[in-house]
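Read through the structures below before going on.
Paired with chain B in one complex and with chain C in the other, chain A is shared by the two complexes that follow.
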Partner chain A sequence: MTTTALPLATERTRHRSGQVRAEAIAAYVLSAPAMFCLLGILILPTLATVVLSFTDWQFGAPTLRWIGLDNYAHLAADRVFWKSLGNTVLYVAVVVPVSVGLGLGVALLIEAGSSGRAFYRAAYFLPVTATLIAMATVWEIMLHPSIGLINVIVDALGLPKQNWLKHPDWALFALAGIGIWQALGLNMVLLLAGLKSIPRDLYEAAAIDGADGPWTRFVTVTLPMLGPALSFVLIISAIRSFQVFDTVAVLTEGGPNKATEVLLYTMYQEGFSFFRAGYGAAITVVFLAFVLLLTLVKARIAEKRVHYS
Partner chain B sequence: MIPAPNAFQSGVSVRSVSKSFGQTRVLSEVSLEVGPREFLTLLGPSGCGKSTLLRIIAGLDHADEGSIALGNQAVDGLLPRERDVAMVFQSYALYPYMTVAENIGLPLLMRRTRSWQRLPLIRRLHPVARAAAGTITRDVRRAAEALQIEAFLDRKPGQLSGGQRQRVALARAMVRNPRVFLMDEPLSNLDAKLRVAARAEIAELHRRSGVACIYVTHDQVEAMTMSDRVALMMGGEVLQVAPPAEIYDRPAELRVAEFIGSPKINILPSTVRSDGGVDVPGGVLAIRSGLPANTAVSVGVRPEHCDVADGGIRGTVRHRENLGSDLFVHVETVGEHRIIARAAPEIIDSVPPGATVSLRPRPDRALLFDRAGRRL
Partner chain C sequence: MIATRHLPFAVFRHVVLAAGAVVMLAPFIWLLSLAVKPADEIFTTDLRLLPLKWDAERNFTEAFNKVPLHRYLLNGVIVTAAIFTMQVLVALPAAYALAKLRFGLAKPLFALVLLGLLIPGHVPAIPHYIMLSHAGLLNSYPALVLPSIISVFGIFWIRQFFRTVPDDLIHAARLDGLSEFSIVWRIMLPAAMPALVAFGILSVVFHWNDYFWPLLVVTSPDMAMPALGTVYLRNTEAGTDYGPLMAGTAIITAPLVIAFLFAQRRFIEGMTLTGLKG
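Take a look at the complex of A and B:
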């Protein structure tokens, strides 16, 4: 009995495994174009950058030499790099909480308001649609020490005028201010969408349960329900402000005295002004590590803390 | 006998409440009295204003005119929290990020602690806050036991079935002793079997709580089986308020008669005869109406008051529905009027489609309505 049953069973298994293999092949064939693009556009360049960071390649040079961790050892001893990393972290630490906090505030006000919603929404969103490099020039005039609007206001308030972009203590914060102005609108729109998705009857249940004060309602319903949107906005604006480059390149060029030197600007200078491509690649790897870290944090938060109902 | 805390309060008074949304008038001059321990159902088709009335009582919406009183106190200017009502929402409106225990305990937490006592660290350390937390845990457990959900206290609503969520919503309403329970179609998201069980359970919980309950539904079976009285609403008006049996047997008007009962009541356009009987399509009914001859009336006969028997209205069988316990025979009479009669399932073979049968409405159970739809 078993002798007749066994070959049958194995035959069926073989048949089934053949089917599975055919399906697997079809899957690979179908996803090949996308995989190819992904490889060519994202994965290979990233790998190339990592490999380059272990060489002494000069931009345009015909030869390169494997130097191991020399570039990283050099980075660790490079004061400009540390200054640049510190500035970037400080910039992120200012821009993210302020732009998300203000974005949330504006979103709450717009959502609570009865009229002019579309107008306010458009007004706050305008900076997102504007070209930052062109707007940076506008800000340069606004921040101009003698004719700038900012100093006119500061003076009217009885505070000391500053040469904002040229003062080592103020330059980075002036850039952070522009960064906040630019990021606010997007954060506001994303959070507004999050607010709209909160079911109304949760607020009504809270009103009946006694959680009806503005603050209590905010912490009992709005904030927890906004969790997914808020964590997304936080991570996105952290990654975006980590990438700060255009305002630095246009307005301060890392100055005065490296006060606004940030990671991407240092990388750009090393790679494309000084043609030290290998060294620039090492900075890029450090930058990628930070972005990857933020992404992992986001994945973690999404998994654990935030409730998706 | 020791009276329950609410025994001496009157229930709910709704006094000529009107409400419009833009041009649409959803409630016009609605008045209603609910007794202190009464279970009153607001029944009506969707869009009749029953949910709006409930929301106005809760304080979630405001009446344009009229006033609401809870337990002899006018509450028109009060916030929902100050009205001391508990509400069960159709969607249950559970907080998805809180555990079941936190959901049930929230109304107590909000009432027994001040906002600074709810701050993370103080909540653990402050003696008053800790004492409150103790009583809340105890009361939450008691409410959960009453609804048999104590096993789920640590779960989130997302991990529960529809029936379990509905119980959590009920527990959240019943955990404190409110002046009135307001329920907005709480069973409409449950499957049919669960609904039957939940009907009995809610009625039982209401009896034990001894608190007035206003229950909104479009399902007449819920209204008939659970309520002390039913308020039937249509087009923003209350048509009749009466106990279930009365609203079924003695509807105040045609619209009430047509809404209550399944299958629908048979309505026959008729004329009063000079001998006192009534001419109906296909026959004569021996009703002593006392109305002058040739008065146009509508005769309403419920299917169960219409027997399949010789010597009555003649018609052709068009359709049969056998429910096992009952057989409904759809009969077409003169002028294409359809009459549904209830019969014993055993006679099904004697009424095949196309057969000619005779229907005998019971004159003593027939309802007469005038042209405006009022019952005579």
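Take a look at the complex of A and C:
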């Protein structure tokens, strides 16, 4: 806890309650704009989305009707919605472990030596700064069935060429590959930050206790100390990949045959292409529920780790 | 960290990292290669990095002729600068209050910030759209900027950083007669620079590259942000002439990539200093 009122000088003690009050007033004034925006721009519109999901409102319609859970009942019976939800979960289930695992591997390898650090960091982080929607077009050409670099390589390796983005079995994985390429660098940088905050003397202490192989050191010191950073990265990366939209909207438009239909794209189509705002809001609520559920799961895991350690 | 001094390990480290780096950089290299090739050299399976006949000039001129690329870049600069400025103006004082001042609602307010961290920006999109539409603000800079002036991540990030700033610095400023407001802008703002560089890069990258929100609120080509602009360029292309498309893509992507390469040391520093210690 930060202490701002120092109880040292006795002659100042008299003024302390006045100081405390002045400090509190300053704090309210300073945080007022942020709290006003937080409520007005984030919290209340989010609640409005929830309310909207219980109505039949369409963009531009003069009236709206309270229809209770009808939108949700409709969703539950909608095959496209279930496909979309399943695809999103599968996408997250592929992108998160691979991009966090590779991000951790790269961060450990970069930290394990001293040469070339800046170059590798920049090389792996570059895709994060690139405009995904623009680079998606490059990926589209690289994944092109006849002139694409990927198929040239695949062919050279003697494997069957594919029309990656048009094949129902491959399209979602091709998008996941692009997602991993884009997410890896951010995970790496966040984990590098975590690695750097591990005190070096812990490794020396572990060495004295006989843990001096790289693997033992990793398991006894690095992994436990990296725990908070790792769970932060997992949740950030899960939330981000849950929001997959750009590559779907530009490269596949949910196809072929709904193979790459994902939640946010379904929400965009229902809400903004078909102007069914109420229905779109219901999909948004499901989307939010999943994000919150993920966070809850993560909080539970973090809690358990604290209990056991 | 793991001070393995063996030569085989050093070789292994470089081989693995370099191989990975080639994969990560391949799309960029491919992009540059296609951007300078004539159409007939793009439609071939010959793996050739440099073109036989350089067609860079035609590709880049064509890209600028097809769509107002300079306009997209300008919009990108204006909107991302406005967003980042507003985010800092709103977040910095709050982050200072949450990190360094004692007040009754400090805990509930911080809880609200943490809650806000969990709400993806797409969730309030429909109400935002309705409000902006009612205010007659669709297809304008305010429409692109307003929903993003609050960055909960920014508040959280800067607060974490401020907790590492020694209290003595603030006491000294108070003894010098500085008000809390002056402390925020004259002491804490300069102190927060490393954190602000890191946050600024993340914020600008996010909004420069955002496609979802501009797709909803932008209706005329001259208001397009860079990411949406690339899609306009894509749509002018019937699917044969990739050269100009790649040239345009390179122009949209270049500013951020170059800016990051220049700021990368400070960015990593900022990320590391702030740390993830909760």
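Definition applied: the second predicted complex is superposed on the first by the 264 of 309 C-alpha atoms of A that agree within 3 Å, B and C clash if a C-alpha of one lies under 4 Å from a C-alpha of the other, contacts with A are read in each partner's own complex, and residues count from 1 in each chain.
Simple rule for what comes next: contacts are C-beta pairs under 8 Å (C-beta built on N, C-alpha and C of every residue); 3 or more make two chains touch, one makes a residue touch a chain.
In this text the structure is predicted, and so the values were computed from the model without any measurement.
Put chain B and chain C next to each other and count what each touches on chain A; the higher total goes to C.
When the two structures are aligned on the shared chain, A:Ile141 is found in touch with chain C, with no touch to chain B. By the touch criterion defined above, A:Gly18 reaches neither chain B nor chain C. When the two structures are aligned on the shared chain, A:Gly101 is found in touch with neither chain B nor chain C.
In the superposition on chain A, A:Met35 makes contact with chain C only, while chain B stays out of contact range.
In the overlay built on the shared chain, the residue A:Ile208 is in contact with chain B alone; chain C does not reach it. By the touch criterion defined above, A:Pro127 reaches chain C but does not reach chain B.
With both structures placed on the common chain, the touch criterion links A:Pro199 to chain B but leaves chain C unconnected.
Overlap of the chain B and chain C contact sets on chain A: empty, with no shared residue.
Within the complex formed with chain C, the residues of chain A that make contact are 2-6, 20, 23-24, 26-31, 33-35, 37-38, 41-46, 48-49, 52, 59, 102, 106, 108-113, 115-116, 118-135, 137-139, 141-142, 146-147, 149, 152, 181, 184-185, 189-190, 192-198, 200, 203, 214, 217-218, 222, 228-229, 232, 239, 242-243, 245-246, 249-250, 264, 267-268, 271-272, 277, 280-281, 284, 287-288, 291-292, 295.
Listed in rising order, the residues of chain A touching chain B in the complex are 199, 201-202, 204-213, 215-216, 220-221, 224-225, 227, 307, 309. Residues of chain B that touch chain A in their complex: 58-60, 79-81, 85-87, 89, 91, 93-98, 106-107, 110-111, 115, 156-158, 172.
Residues of chain C that touch chain A in their complex: 1-2, 4, 9-10, 13-14, 16-17, 20-21, 23-28, 30-31, 34, 42-45, 47, 89-91, 93-94, 96-106, 109, 112-113, 115-116, 118-120, 122-131, 146-147, 149-150, 152, 155, 163, 167, 170-171, 179-181, 184, 201, 205, 208-209, 211-212, 215-216, 226-228, 230-231, 234, 242, 245-246, 249, 252-253, 256-257, 259-261, 264-265, 268, 271-272, 274-278.
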